[in-house]
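Common to both upcoming complexes is chain A, partnered first by chain B, then by chain C.
This part shows the complex of A and B:
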């Protein structure tokens, strides 16, 4: 019993992180049909910004958190403006290759700025882990779950209640139709980039205290997030959340009951299974329904 | 007619090229035999294993500077040619190809990691080039390959010193958690193989990915088996995450780490969670704590002072591998006039060389030349190393 709980806690924590990363993938895909393979690198930037601001420059936690998200979102906007928009023939394959290039570039920049060593920072609040029926739950894990829940709620509100959110949904359904009714689609794409990379930064900033942040941490996290997004159904908000948690929990249970050597394989075997059996993902029904 | 003219032109071009090659090649040879000896260096200066490669590169340059300042080898200077492998086996293969074919080096030092070393050993065998690896994996010298030597302490000696310590504390059951790359696999192999010799049973063997963010699931599984100690085998940052997770889970039994994390960086990363951890390390980390009659004390102090004053940074436990390699090579090169077979022979018969990583005694069957006395056990206390009896 104690073990199952411990595996679940570990899976929930990792799953929440995968979910936020998957959200970033999904959001961008639904408004631009683009899969940003540099997304993991924005997670890395978020984590390292957070470490720098909170540890090296001594900012209080909350300003450091929001500042790093803003900084990374700004980097995301810059990326869209400089690398994506000027492309003359914006075919999906060209854009995807650009994002792969950008990920290598960003890793290099990360290495130059933060060096090659890993960095660590203290948790958001200094409390001993909670003891739940013998299993330990980290306070940082609770923080992560709270932040992910708040983020999901805010996104849901944004898409359902605000004019900008609705305009973005319209863009996702049909760019041309949205443009005809007067929605500035270019701005919407920029906004999608900003939001998506900002989301990556959130993921980075919340895991910085539980793991070590280094310039090369983004690749694996990005891939896992991509798996989670595919698993739940690319382009769907709830799909990304579901996919993330499912992946995290299955990974933890796989380590516990099968073999720890197969941890990373779990994600990729799941991805393959989904692609074979249900290519639209768990939630995507028929044609992928956007947000 | 047109065709034949083309042919003739082609033949002429080839002839000119061949003539050029004949004229210029001897020049190249002559040059490489009269001037400095070129020594190749391949280290993971950047990438995840940069904590190994960076100090190794600096130490190699430092050692060569020292040798040259003292008049070189038989009056000839040494010239380092260093490439970055980024810890990547395929880049290492390319770098070694370049060193052999383009730079025509006399010997190669490095690379920093076991997988990169194993990737290039067939190449140095073909090229018949003395090769001194700075990586820890025991597979490099077991089975013995004629041209391949290594200066880093092996996991064989590290495992032996950990088990000795565990045995003294009357612990019979251990759980092990190893990183899933060749450093971890090699450690795991030794841990499983040597356990019986010390009357120890490995009750649970887990692994983790080099860049995993959470190891609580693996540690939970180990805890279920109620071992008396946990041994973690990996290089930063994974073991620091293991240390943190173990503390968070409230695991009270002693945690042992490998020599792979023997650097101040580990204490930095693991923070409070590093308290009370045991690990085997080369003597360099605790040079100032060593007894004055320790044969290595003088060598270590000199190296540390030279390194710290030249690079203005704290010395790490890894640079010494390259430093030893250069000095061993220089000694073996004396009187050989760059004859690679003679250098190899001299290396194999070198005895009682007091280096940074231990006292080297090479032989036909031992191309590492170290014994378990190369390690001392330390404990982390108040963020500092402390010698354990």
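This part shows the complex of A and C:
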């Protein structure tokens, strides 16, 4: 019981991170039909910005958090403007290679700025871990869950209650139709890029205290976030959240009961299963280009 | 190109290989050219799948790895002669491709990309974690050199000729397939799968066949790689490697046999040149990838032709 609870806690923490990364993938996909292979690198940038601002420059936590998100979102906008918009034939394969190129580029930039060493930072608040029925729950995990819950609520509000959010949903349904009714689709694409990369930065900033951040941390996180997005259903907000938590928990249980070496395999086995059995994801709707 | 032009192209190519192999004595350059040959095989195999049949694979390094590891395990752990290990290596990769291909090739577009990516990652993780058989993350040591009859392919020059002879054979084989009835059917899948099915092409079967064929060729490259370096580790067959193969195909030019050669040569040589940039290496590499794809999305062979044609059009006016 104590054991399973411990696995559950670590699964929830990782799951929350995957959920935020998956949200970034999903949002971008629904408004641009683009899968950004450089997304993990934006997570890395978020984490390393956070470390630099909070530890090296001594900023208080909250400004550091928001500043790093803004900085990474700005980088995301720049990426859209310089590398995605000039593409004349936006076929999947071309976009895949461009975003892969961007991920290599960003990793290189990360290495130039922060070096090859791993960086760490203290947790958001200094409390001893909680003891829940014999299992340890880190305070940082609670912070992560709170931030993810707040983020989800804010996004839900944004999509349901604001005009911009509704315009983005319209873009996701049909770009042409949205353009005809007067929605500036170009701005919506930029906004989607900013939000998506900003979301990546949030994921980076909240895990910086529980992991060592280095220039090459992004790739695996990105791929797993992607698996989570697929698992829940690409393009769906709740799907991303569900997929993230499901992946996190299954991974933690897999590590605990099968083998820690196969930790990374869980995500990809799930990905294949979903693709074979239900490519639209658990709660994803809409047709999937299968045939 | 007509038949005669092809024959001339092959002859020039063979002559160039013989001349290079004969004249170059520097071990470093020989090694580099052998790697270009191996990468050409990989790019060619993926080009059959991606360029001609239009099916994305982001996990092709898995078959490369299967080829290398099967021969490594057979020849080292079980002392099988390398010549006998070759059919086993290629056969295993083809069998795996067949099993994986049946469910995976039903997908298309991004979803197919993701399916193959997942498969590639799983193979990589298995190679890394199954340490009792594969040697795990630290790699597999002590693979014997390749012996065929009395000839031992150990020196740089021997291996150079072997690899490039295989490349030439594969080039001819792919060309023959593409120019055949099957090749036309393949290209029809690329242009429109439904339309191809409507005119009576068994798209499902054909896609699977080309996937299996392509896997076998990648495994052949893996076999040659293992007996070239005597030491293999899972890192060589990771996601990054798969992406590198895709990049070779796209940068060289999809649906072009010589494009595979060009892409493989460029992407093998590029890191060597980029060493001059030392820590800026990754940044420059990423920029080049993005730049080529933004400005010449159809690859260098097509891209340069396009630019030339546009220039001529403007000039004539």
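In this section, the second predicted complex is superposed on the first by the 285 of 291 C-alpha atoms of A that agree within 3 Å, B and C clash if a C-alpha of one lies under 4 Å from a C-alpha of the other, contacts with A are read in each partner's own complex, and residues count from 1 in each chain.
We adopt the following convention: a residue touches a chain if its C-beta (ideal position, glycine included) is under 8 Å from a C-beta of that chain, and two chains touch if they have at least 3 such contacts.
Because the structure is predicted, anything quoted here is derived from the model rather than measured.
Judged by the touch definition given at the top, the superposed model places A:55 against neither chain B nor chain C.
With both structures placed on the common chain, the touch criterion links A:138 to chain B but leaves chain C unconnected.
In the superposition on chain A, contact is made by A:268 with chain C only, not with chain B. Shared-chain residue A:173: touches no atom of chain B or chain C.
By the touch criterion defined above, A:70 reaches neither chain B nor chain C. When the two complexes are overlaid on their common chain A, residue A:282 makes contact with neither chain B nor chain C. Of the two partner chains, neither chain B nor chain C is touched by A:250. Contacts of A:106 after superposition: chain C is touched, whereas chain B is not reached.
Taken together, the two complexes place residues 111, 261, 264 of chain A in contact with chain B and also with chain C.
Residues 50, 56, 58, 103-104, 106-111, 113-115, 117-119, 121-122, 125-126, 128-129, 193, 239, 243, 246-247, 250, 254, 279-290, 293-294, 297-298 of chain C are the ones that touch chain A when the two sit in their complex.
Across the complex, chain B meets chain A through its residues 46-48, 50-51, 54, 180, 206-209, 211-214, 216-218, 220-221, 224, 236-237, 240-241, 244, 248-250, 265, 268-271.
Chain A meets chain B in the complex at residues 3, 6-7, 9-11, 13-14, 17, 111, 116-120, 122, 129, 131, 135-136, 138, 207, 210-212, 214, 216-217, 220-221, 252, 255-256, 260-261, 263-264. For chain A in complex with chain C, the residues that touch the partner chain are 35, 83, 86-89, 91-94, 96-98, 100-109, 111-112, 219, 223, 226-227, 230, 259, 261-262, 264-265, 268-269, 271-272, 275-276, 279, 288-291.
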